[in-house]
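By written order: A, B, C, D and E. Residues from 1 in each chain.
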Amino acid sequence: MTNTADAALLEKEEDHGGPLRTFIGSQIAGPLAALILAIVVFGVTTSTFLNADNLSLIATQSVVVGTLALGQTLIILTAGIDLANGAIMVLAAVVIGKLATDGNALWALVVGTLVCLVMGGLNGVLISRFSLPPFIVTLGVLSVLTAAARLYTDSQSYPISSDLLTILNDGPTVGGISITYGVLLWIALTAVLGYALTQTAWGVRVYAVGDNRAAAALTGIKVRRVLLSVYLTAAVVYAFAAWQALGRTPTADPSGYSTANLDSITAVVIGGTSLFGGRGGVVGTFIGALIVTVLANGLTQAGIDSLYQQVATGILVVIAVAVDHFVRTRQTR
Amino acid sequence: SSDDDAGSGSGSSDVTIGIVELNLSNPFFGTLEKATEAAATAKGWKVMKSEAKVPGDSATQVTAIENMIARKVKAIVLDPANPTALVDVVKKARDKGILVVTVNATVTPVDAADATFATDNTAAGKLIGQWAKASAPPSPRIALLDFDLSDGPAGGRHNGFLEGFGITDKDPQIAGEALTKGTVETGQSAMENLLSAHPDINLVYTINEPVAHGAYTALKNKGLQGKATMVSVDGACSGVQDVKDGIIGATAMQFPSKMGELAVAAAAEYIANGTKPKPGLTDSGTVLITDKPVAGLTSQTSEWGLQNCWGEK
Amino acid sequence: MTETVVLRARGLTKHYGQVVALDDCDFDLRADEILAVIGDNGAGKSTLIKALTGAVVPDSGTISLKGEQVHFRSALDARRVGIETVYQELGVAPALDITQNLYLGREQRRKGLLGTVFRKLDKPAMRHGSARQMADLGIRIQSIRQKVETLSGGQRQAVAVARVAAWATSVVIMDEPTAALGVRETNQVLGLIERVRENGLPVVLISHNMPNVFQVADRIHIHRLGRRIALVDPRNTTMEEAVAVMTGAKSPESLHLEGGTA
Amino acid sequence: MTNTADAALLEKEEDHGGPLRTFIGSQIAGPLAALILAIVVFGVTTSTFLNADNLSLIATQSVVVGTLALGQTLIILTAGIDLANGAIMVLAAVVIGKLATDGNALWALVVGTLVCLVMGGLNGVLISRFSLPPFIVTLGVLSVLTAAARLYTDSQSYPISSDLLTILNDGPTVGGISITYGVLLWIALTAVLGYALTQTAWGVRVYAVGDNRAAAALTGIKVRRVLLSVYLTAAVVYAFAAWQALGRTPTADPSGYSTANLDSITAVVIGGTSLFGGRGGVVGTFIGALIVTVLANGLTQAGIDSLYQQVATGILVVIAVAVDHFVRTRQTR
Amino acid sequence: MTETVVLRARGLTKHYGQVVALDDCDFDLRADEILAVIGDNGAGKSTLIKALTGAVVPDSGTISLKGEQVHFRSALDARRVGIETVYQELGVAPALDITQNLYLGREQRRKGLLGTVFRKLDKPAMRHGSARQMADLGIRIQSIRQKVETLSGGQRQAVAVARVAAWATSVVIMDEPTAALGVRETNQVLGLIERVRENGLPVVLISHNMPNVFQVADRIHIHRLGRRIALVDPRNTTMEEAVAVMTGAKSPESLHLEGGTA
């Protein structure tokens, strides 16, 4: 009896689990619907939006916030939040930029990554070992790092000339569309993190910790270690973001990217990840980052004044999550 | 939405230029942007505008310039949020034959753009520094109310002031320094805290006039109005009014409208016959406004200032 | 006899502010036995279990496992030495599915390179395993991919119970594992408990269901007001007597007590 | 039996409920400990910090963010967040300031309050009726309002001359310490909201909705109505904050108070209210706002360089919550 | 007979994606009766209750109360017409204390100006009331100010049960109200249920405890695979028969069926 029940249950599964059905039932259907809607609207209302050039521009414009948002997703999945990711990236970028002026660019990149790891580790230790609220810990780190970047550079910007550091802004042209290595890196990071979250034990544990931390601890998950690993992984992602940023704006600027943090959280939330942890994923975030860029780009293409653009962005962001919400409610009913 | 292809003809009706500003929540930028836009529309051009979200937000400006290149504008008037961050994208635009002139601030190297029309902020700071030195009480106790010093103009003014006053950052005459956000309210809080620690402050350098105004409220709340001399930079009408009212001792006036008009004139020249403007910084001028002139420094009165100021009177 | 005691506690005390949850409580579990723990609501049974398994740290008292004193600082410490526990608050993650919950902390990886290098989970194998485990407990589930939050109360409890049975190596502890289960499903769990003992592991079973307790228990630990007030043999104590002592209607002295009582 | 058990239970209660004990067990013990620690440290290390003047200055400097934070507390208690409260306040302030220049100050105040109510109502309706995430809704509203304030004022500030509008900056001097009406209003608002949260049915329901929304709905609480009432009440509080702001800096400045929103959230979190809802209260927030001001003020008194001040603030904020956390863990053990 | 039916449902259906929780299910509750609903785990009992009380909206089917068709859109709608329900997931707010939970949505205000103008809660009165209610259920609680999250499983369940008994005016529905309760406390709840019926309100009781069911029920609704497959009178059906039908071991036709069956 056991075996037949068993077999029946699994068979039933496969019966219903057609790929289309699985897709529509998935987390990303909502954000994707919002993205497509936005693309269609701008495609119809402007003539330049759907140009190959413009589309590749949108991808390029998304990479920095998009990469930051990948790390942010990991942290938000554990019911945390990282207010410092922009600052960590900027500090890493200026360290890389300054070291590269009088040294080896590769070495500078390594040191920049170490900076991210130390800062992510600091956040992680304070949050996991001392159970302090992520909001405050990362706010504190933000404040320290913003000042640290200024102190380190004496408020100077460093222009970047090394090819290695700006390589992510180059890339092949495929069928008239130029794709930068930065965009490819962003896609690759999304894929790797998506794999890690959905196909490995580590991923299951990240979700479990964010979903119900107490239960995760009772089932014998090393909650602290998982949390620390998440902050460290995010730190590595931030190092990539710093590299992306040096490619996009070839200057290590201590006061740049000050809205990147809020933008990264926005991308995560628009991408359907819950701020309460345990639900969501990086593919949604990828789409969320694209939505944010599409709105800015599309409104510019539509020739809307910058102030009204801000008004429109506010309204459209709310509409985007409303679409997501609508799709999601439909599918669970 | 059908106006996009400004490519071929050079008839003025299908010329579009881009204006990329800093965040406009300060009337200075509004004045600059409006003057630029007015001059452009007077020529029958269309304008595309964008602005950085917060000070230092070069990423948004890079994106904006890319979008403008995609829209095939003829010229871009840029108020750069960062001296070096925009160099590459500016080059990209210029490679496509777009004229890029910067206003208010420069890029580094300065010839990365076709031309620059800006206040020489170091000179402006120096002017008020010299005035302060000449009018300062015998034992000055100085408060510096700054703005993020990685911002080009802010750094220039700060250094200029110290140079004009003849001191360095470490001078004991400096009682204290605080960072503001260039707004009234942050100026007030910073001044309040400095006054609590150093009630003997008698000379206040402020990054701009809103900060000066806030600092004045702080002094007034403590009954210390008139006990400290204030210097500032900007020349907005409200600031000049403060000079007239004796709140601010002296301010260095800038001319944002002139920057915009010069920039548009350069663009017109380029669009009409391909002539590029003279490269490098063209100073749009600075005038010291004070009702207590000092020997050896040219200055104008607040009366003059009110006639030449910008923003709402 | 002492050498057969697997898990022993002496003088466990736990205060929460003004609330006394454990009051100088003793506990003994022998190898090869099913020990039932019974007591009124709020008597402190769950707190006792949590103290024994590191989920709470007692204010005072000692715990020893197989004669050696232990100091569990977390549930993980206890699990490391092979003590598996179903807590009353069911440690399940609602947003994860049945399989993910069943294998949480012990996920299976693919064979070969995919598993060792790419750390890829063997989802099909785990899905089969969990379908089998649920079927073993007699639980009808419509889709093995359901998130635990969408399960019925009994299905959810079955997930928590199934976890434990699969992994224990030294002691199994179950705090009211059948509270939400139906008649048939309860019998399956009782059967499971007996199988565990037959495999040589001792079991601690907390339950309010007296017929169940008397059906499977080898000894009964009666808990009252934060402490063990009696340890009885179900073969020479009636259900009525046990309940009377448990509720305070009768004094423990009136019973045929087992060794090691308070 | 019933009656004796009953009586015994209640008696036992009163036995243990000494006022000191109750206090130490209360929510605010942690933040208060952090505040006292900060005051002691600055009192010892600087000679000016404990001056009567400076202490009253700290209170005065806290009122705007402190008042905003009261409204923010209500919203966070329902597991929401308000990213727009600074923008709502600024819009109200400039509306009041502009109307007052060519009109009646009282009328301007009324209109300003209406502006707050409309914006709070908009947030509330989108969040309660359409179940959209508060983070995104208020982010959208923030974006719209920031632009609206600038469009409305043309980026111009309006100096305030009306006595009614600046009255909150005046006030009596008691024993050498001058206390502004603004501070008294802040205290009064804290008391009224504290009363409403702890002594009325509405308060219990606010906590219930934030604690477990599904359970609250099942027990028959009108969750949507409670949420809407919270956003509207917060809006009224924001109107008071706008009035406070006009008193403190007698200028209606569309670009002012740009950090007030984050500061208000920080005050709430330092005050011990959980971002996950259902736990905390306004008295903690009151203390939290004071902590934030004390840090800024004290570091200036200590003559620390502005960039190092930022570093120190970051570290001290984390220490403040660590102290809170430590006190709290002690008391529950 | 029909006129005595208080709550009736016909053809209730509820799908969750591929999962069928209710499948053309009927339901009848008479005035003055205790109706037990029994069924396997996952049979759909809780979903039925939720559909009847507005906590979920069925895909199709009709519900009528006292002969009039009703369309509850939320749990509040049902409560407004006097249907009080203890849901299996216990609708309690963990961070609130016992008294706040017991009086949630029905808080008592002070007499006089304090109450009418200042809307001040009468905390002492509510605290007394809740202490009495817990004592009535035989639940020992150490401090009435404990937050519900710090209560033991049984204490927490008692809070949810006590809420309901206090407020119902037309129907009382309890989904496994005694699952976490001890022997004595369970008896108290059964007593409470009988008192409610004596006061003229019908009660729906879902339980897996057959002795309890047979002790108090007037009729038994047997639920299987999302529908009512039988409606029996406990006086002429044995426990074994009922369980056999419920688990599918026996066909419903073999029973002495009550009126209104499927």
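Here, a contact is a pair of C-beta atoms (placed from the backbone, for glycine too) under 8 Å apart; a residue touches a chain by one contact, two chains touch by 3 or more.
Predicted model, so just to flag it, every value in this text is computed and none were measured.
Q: Through how few touching steps can chain B be joined to chain E?
A: The fewest steps needed to get from chain B to chain E is 2.
Q: Could you tell me the least number of steps, going only between chains that touch, from chain B to chain D?
A: Steps on the shortest route: 1.
Q: Looking at C-alpha means, what's the farthest chain from chain A?
A: Chain centre farthest from chain A's centre: E.
Q: If I average the CA coordinates per chain, which chain comes out farthest from chain D?
A: Of all the other chains, the one whose centre lies farthest from chain D is C.
Q: Counting in whole Å, what is the centre-to-centre distance of chain C and chain E, each centre being its mean C-alpha position?
A: One centre to the other, that is 29 Å.
Q: Determine the centre-to-centre distance between chain D and chain E, using the mean Cα coordinates as centres, and give it in whole Å.
A: That pair's centroid distance is 42 Å.
Q: So, what's the distance in Å between the C-alpha centres of chain D and chain C?
A: About 46 Å separates the centre of chain C from that of chain D.
Q: If you average the Cα atoms of chain A and of chain B to get two centres, how far apart are those centres in Å?
A: Inter-chain centre distance comes to 35 Å.
Q: Touching two or more other chains, which residues of chain D qualify?
A: 16, 150, 307, 310
Q: Two or more other chains touching the same residue: where does that happen in chain B?
A: 24
Q: Could you say which residues in chain C touch two or more other chains, in rising order?
A: Counting only residues that touch two or more other chains, chain C contributes 16-18, 89, 140-143.
Q: Which residues of chain E touch chain C once you look at their complex with the stated criterion?
A: Touch list, chain E to chain C: 16-20, 39-42, 46, 88-89, 139-143, 146, 150-155, 158, 176, 179-186, 208-210, 243, 246-247.
Q: Over in the complex, which chain B residues touch chain D? Could you list them?
A: Listed in rising order, the residues are 24-27, 29-30, 146, 176-179, 181, 183-186, 188-190, 192-194, 196-197, 210, 213-214, 217, 221-222, 238, 311-312.
Q: Okay, in this complex, where on chain D does chain A touch?
A: 79, 126, 130-133, 135-137, 139-144, 146-148, 150-151, 262, 265-266, 269-270, 275-276, 307-311, 313-315, 317-318, 321-322, 325
Q: Considering only the defined contacts, which chain A positions touch chain B in the complex?
A: Touching chain B from chain A are residues 45-48, 51, 53-54, 57, 60-61, 64, 150, 153, 155-159, 166, 169, 245, 248-251, 253-260, 296-297, 300-303, 305-307, 309.
Q: Along chain A, where are the residues that touch chain C in the complex?
A: Per the stated touch rule, the residues are 1-3, 5-6, 9-10, 12-13, 16-17, 195, 199-202, 204-205, 207-208, 211-212, 214-222, 278-279.
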